[in-house]
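A, B, C, D and E label the chains in the order they appear, each numbered from 1.
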Amino acid sequence: MSETAQSDTMLRVEGVSKSFGGLQASKDISMSVPRGKITSLIGPNGAGKTTLFALITGFHKPDAGKVSFFGEDITGMAPQDIALRGMIRTFQIVQPFAGQSVRENIAVGAHLHIRSRDAALAKAEEVARKVGLGDRLDMDAAALTVAGRKRLEVARALATDPKLILFDEVLAGLNPSEIRDVIPVIRAIRDEGVTILLIEHVMQAVMSLSEHTWVLNQGELIAQGPPAEVVGDPLVIEAYLGKGMAERIARQRMTAGGAHA
Amino acid sequence: MPDLAIIVPSVLNGLTTGALYALVALGLTLIYGVLHIINFAHGALLMVGLYAVYFLHSSFGIDPYVSLLIVPPAMFALGYALQRGIIGRASHGRDENILLVTLGLSIVIENLALFVFRSDTRSVDTPYSFEVVEILGAFLPLPKVIAFAGALVTAALLWLLMSRTDLGRAIRALAKERKGAKLVGIDVDHVFAMSFGLGIACLGVAACLLLPSYYVTPQVGHGFVLIAFTIVVLGGMGSFVGALVGGLIIGVVEALGGLFLGESLGQIGIFLIFILVLVFRPTGLLGHKV
Amino acid sequence: MTDTKKTGGLRRREFLATGAAAVGLGITGFPAILRAQPAAVKLGLIHPVSGFIAFSGTQCREGALMAIADINAAGGIKSLGGAQIEAMLADSQGKPEIGAAEVTKMVEAGADGIVAGYSSAISLATSQEAAKTNTPHIVDVGVSDQIVERGLKNTFRFSPGYGKTAQFAVDNLDTINKAAGSPAKTAMIIHEESLFGTGTAELLQKRLPEKGIKVVDVIKHANPTRDFTNIVLQIKSKKPDLIIPANYYNEYVLLARTMRQQRVEAMGIYSVLGGAASSYQFVKEFPEAADLIMDCNHWFNPKSDVAQQRKAAAEAKGLIYTYEVFLAYNAVLAYADALERAGTTDKEAVNAALAASTLDMSYMPYGPTKMVDGQNEGAQPVNTQVQNGVIEVIFPEEFASAETVFPMKS
Amino acid sequence: MRQLALLGLVFAALFFVPFVVTSEAWQNTILMTLYAALLGQAWNILGGYGGQFSFGHAAFFGTGAYTVAVLQVQLGVNPWIGLVAGGLMAVAVAAFIGFTTFRYGLRGSYFALVTLAFAEVLRILANTVPFTGAGVGILIPLDQSAANLQFASKASYYWLVWAIALAAFLTVWWIGHSRFGARLMAVRDNEDAARALGVDPFAVKMRAIMLSGLFSGLAGVFYAQYFLYLDPAIAYGPAISVESLLVPIVGGMGTLFGPLLGAVALHGVSEASRALIGDLPGISLVLYGTILILMVLFAPRGLAGLVRRLSARRNSRETTNV
Amino acid sequence: MLEIDNLRAGYGAVEVLRGVSLDIRGGEIVALLGSNGVGKTTISSVLSGLLPAWSGTIRFKGEPIAGLSPQAIVDRGLIHVPEGRHIFPNLAVRENLELGAYRRGKPNRARNLERVMEIFPRLRERSGQKAGTLSGGEQQMLAIGRGMMAEPDLLILDEPSIGLSPLLVEEMFALIGKLNESGLPILLVEQNVLQSMEIAERAFVMENGEIRLSGPTAQLMDDPELKRSYLGLA
């Protein structure tokens, strides 16, 4: 990653490691998330992306290393305190507060800085419209479709007026048209000044949304850079598609190129 | 301050009493460990077992220990039917429903017993009721020594059943991994009912071993339920060895608590241990980390 | 013993049926009275027939129903033109709030009087509730002295409270001890933890030293106590001359059994309001454990033919003749007597009649009935002793059926 | 707001009960039903809205009851002050139990069992320490006057319990319409998701258990003043804990009117079974238990759930008709 | 062997499978591919009776099996080795394997156990150990071994390579190939495209609850659609 100036760094992760039992889930990971941008974290299943999110947002305590947010050391701080400072995460498996309406679900987020119930509900409504849930405000959140749940997850986070949102696979499980609908929503959030770090599987989204990406495999950072470059990295291709795939693709390309030549 | 001459027999007696508690707790830990049910009807079902033993003795002259051949299988059938017919159907996937339904069962069973048997205290008089065994200068009542051995044997049999039979393995498998169990073709409803039946059969064993040194009334179960829960928690839910050890510990704690704090206040020791274990080691002394 | 048990339920139903038949007979058998059509007197019976103390509650109910059947069969309340007594039954489930609620309901349903109790806690609630409508309320069993010390004008008790009993117990123990040459110098009290045991134990602890008997230890135990070995071990180590239990039947059974198993040797076991040592059930089931145990408790006058007939009648109905049965029986009799004298069911008048009661209770080992603040001052317990499987009255002398055996031969 | 209006309507109607119902027995039945609804609503705050199942609400109830009784009998403190003190002492006990259990993250059946144990510990203590009268219990002297919080008429007691119940129901309405309530329910439904949104589960649960304890304690104060006698089994016995949880579970947990529905249903069944077959010992309770089992089998989400289901069915029928 | 026709299913009100059709013939390995959340696991759950089908038909060995209980499906020889392994962590390795023959293959249990131990020597070494203490790869072997104990007529392997190191992934695929050598048909549900394709005869690629591509792997492998679809570049 091109060295961003210190003052532009919103979140800094330095040498963070974590193991569960014998399994090393994160190995000495360092990264700096710049302010005002959309960046992403990719990697195959089981690479340790969600674990890293949990380490950053206080759900797990790192064995080693340091996490700082706006220059403040937040390592080991409770999730709610980190949320209060403006960093909010979402969950890969969306678990709405079942039995409560969409509006009520989002209001929980809105209450982070708003005491009044009415104001929070109003804010929830506003946010819901923004993410495209305006027509389902009174629906039981448990009855939402996968796509609806993802939007709800985004809305809940957004309602907290965050400075940084960590989205964990908000696009997974959506069909292409749904993805096409959600992408502008995420952009709009960024345009309002919220910094975004995505965990994503859907490469298309990563490529069209993020300016910088980190690739995690087996708990280690194996590559980083602009997404278009990163997907060409043999290490990344192998991590995703299995050993030998990079070679085969290169061969394909060569034969294709040869045919054209 | 009590001297050694009283502490030794007191501890020995606490161990025999604790074994009786463990017998009641064995069934509970099986049910709790596998079905994750807080079985409020446990005490009422113990009472059913005790009445069965009592009537076999008073009507047919069957010795309570001979009843071991009759009462536990009958209790097993009762437990199986209850789980299959009522408890399993009532849960609808919600714990509070199980709580309500077992509470309802205990109310029904207890008051049926009250209606049918009336509320007299009944006890059996056997030739060995007053026999004692002398160990280390302590007189231990023979029925309680037998119960102690019975608790050990029952725990051992349960352990064998659980580790050496397909049913036992299926029960243990189901306790931790429901989806995996379904995928190897374990009939979940059947095995749940088998577990509940086994747990209630344990109560049948407890009833046979308990009655010679105790009595039965429609409310008799109440005195054992809370203590059985304590033992289950202390030993680790689902652990037979834990239940056995937990029972013995509670028996001794009760005995020593009674000696040092007085019989009434001494009961507090049991609950303090209970709270401390729950707060600091909720998996129990012998339980595994979750 | 097992025979009566097996048929207990059946006999009880028979009994209820015959009771009902008796009421029917009473009406059809006296056409003259039927013509006069005296309104039946409604008497509410509130007892804990379910829950933890169901046994005692049921015994109370049976005793009261027997009394009603007897009174009706004998022509009802004559001063009311032979009015029959009609029982209203309710179950307090062992809970004061349900007892009180039943009082309210019964009063509204036209109850002229209430006989209620067994548990002191329930008696406190029911008498207080009945007081609001000034409904005559007789406590059949309920030993707390607080019941009659609250200044309630409608509340009466014809049996002794624990104050009287404890005093009596101590005085007689002293007499028994002195007669034997004062061998007993120390005592140990074992009592259950609720009101009756604790209250009794406190009084005993205060009074025994006045008689030169040192209380070496007081052990309070829970209900239920599942094992008495510990307590008995402590008794053994303290070696008291006298062991004084005050507890309920279940615990008494375990205690007595354990004392035998542990070979406790004492000069005497002298229970106070224990119930078990003067229980036919206990004596039958554990004749050896029961032998020579003394009890200071409610009892009937064994020399009274009336009392013996009632006992026989109750046993013929499959009942164990416990103190609950005859105390509840007496409570109903006392109410009927007050009605008879009042000549009206007017509550004020009946209360006055109860307060002025001089009912002849010679079937009990009582002095002349004299009500002071609702308590029959003539009431007293007696001492009984189990001798060769028979419950003998040993004190006071005028009622005694046998000589005291003290100290026990070991 | 519609809910608040309905609540107002129900309580306004309840207020006039003593004027309309002159039978003392019926007044008492309605009073005891409202009292059960109060106990249930107290439990509902923690159990229904907070998802923390307590089996030991007697710990709070008994503390409230004993506080008012002991202050009066031992120290001569006026029971109106005792009313406040009883509530506060119950809050203190709740805070202690909450702190010990929530700090260590106890949930589910572990939490249930630990609360049960705390209530037992208090029962044994009350049985032992002298100032509660130990096993003899504590009798509040009869002295009927409003200044003494003792009333001659059922109606006055009725309005006392009405007022406390109203406060409890308003509190629960507020929970449904406040930030605290939103957070409480969020923690109940998904603790991790709530934390991610900045909710501190420990703080939220502490507030819930303290509020819950407050109303249980006030119910205890009422009991003491109404029946004037307490012993450890009455105050701290499991019967109170069981009634506290039975009422809202039967009626519908986590709903404003669930405890009221539950109290009406349970008391209705209990009264009816006692009236029908009260003479046979135990049989009325057999019926009661059977109805409880049948309810779980056929109305697993409580009466409120049943009502909702039926009305949903009716609505859908209406819409299909349209 | 297995024919699925126009299968629809989902969770609650949410439809996940929107009309899936696929088939497996005797003796072949068929790969079912697709990225996270496209509905692959939902298919295997419906096949093994864990989840009800909303509509459509499933025929196994010619008989309809949709709506049967999991144990009835096991009885018929369709064995599902689930994603996430779902082994019994509190039971010893040997016990896990023995339970594999709970309903099927009991008479030959000892022989089959020996065979599984031969295929997975690591399981023999650890046979007394609690399954929960095994490493991820060993747990996966155990899950497959447990499935083999039921003498399957068709084996569904759901994400067997997930969470394994590259070396282990290779080993796993080699093993799967070996299992198939004796003629056992396998439905391999995977995200690992290349290696799955290498051992499978045919493949179905899912996207968003539907089959997007299908055909012999040799053809699919060079289909440019594949990479796009798989990496989410579509």
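One rule holds for everything that comes next: contacts are C-beta pairs under 8 Å (C-beta built on N, C-alpha and C of every residue); 3 or more make two chains touch, one makes a residue touch a chain.
The shown structure was predicted, so the numbers you read here are calculated from the model rather than taken from an experiment.
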{"item": "Chains touching both subunit D and subunit E, listed by label", "value": "A, B"}
{"item": "Chain pair with the higher count of C-beta pairs in contact (B-C, A-D)", "value": "B-C"}
{"item": "Centre distance in Å when subunit B and subunit C are each reduced to the mean of their C-alpha atoms", "value": "36"}
{"item": "Distance from the mean Cα position of subunit D to that of subunit B, given in whole angstrom", "value": "32"}
{"item": "Distance from the mean Cα position of subunit E to that of subunit B, given in whole angstrom", "value": "43"}
{"item": "Touching two or more other chains - residue numbers and ranges from subunit C", "value": "49-50, 54, 57-58, 193, 220, 222"}
{"item": "In subunit D, residues with contacts to at least two other chains", "value": "124, 127, 135, 281-282, 285"}
{"item": "Subunit E, residues touching no fewer than two other chains", "value": "none"}
{"item": "Pairs of chains found to touch, sorted by chain label", "value": "A-D, A-E, B-C, B-D, B-E, C-D"}
{"item": "For the subunit A and subunit D complex, residues of the former touching the latter", "value": "57, 59, 78-80, 83-84, 88-91, 95-100, 104, 107-109, 111-112, 114-117, 120, 156-157, 160"}
{"item": "Residues of subunit B defined as touching subunit C within the complex", "value": "2-3, 5-6, 9-10, 13-14, 17, 20, 58-59, 111, 114, 116-123, 125, 129-130, 132, 139, 141, 213-215, 217-220, 222-224, 227, 254-255, 258-259, 262-265, 267"}
{"item": "Subunit A-touching residues of subunit D, taken from the complex the two chains share", "value": "177-179, 182-183, 185-186, 189-190, 192-201, 254"}
{"item": "Contact footprint of subunit E on subunit B as seen in their complex", "value": "163, 166, 169-170, 172-173, 175-177, 179-187, 288"}
{"item": "In the complex with subunit B, residue positions of subunit D that touch it", "value": "53, 100-101, 104, 106, 108-110, 112-114, 116-118, 120-121, 124-125, 127-128, 135, 242, 245-246, 249-250, 253, 280-283, 285-286, 288-290, 292-293, 295-297, 300-301"}
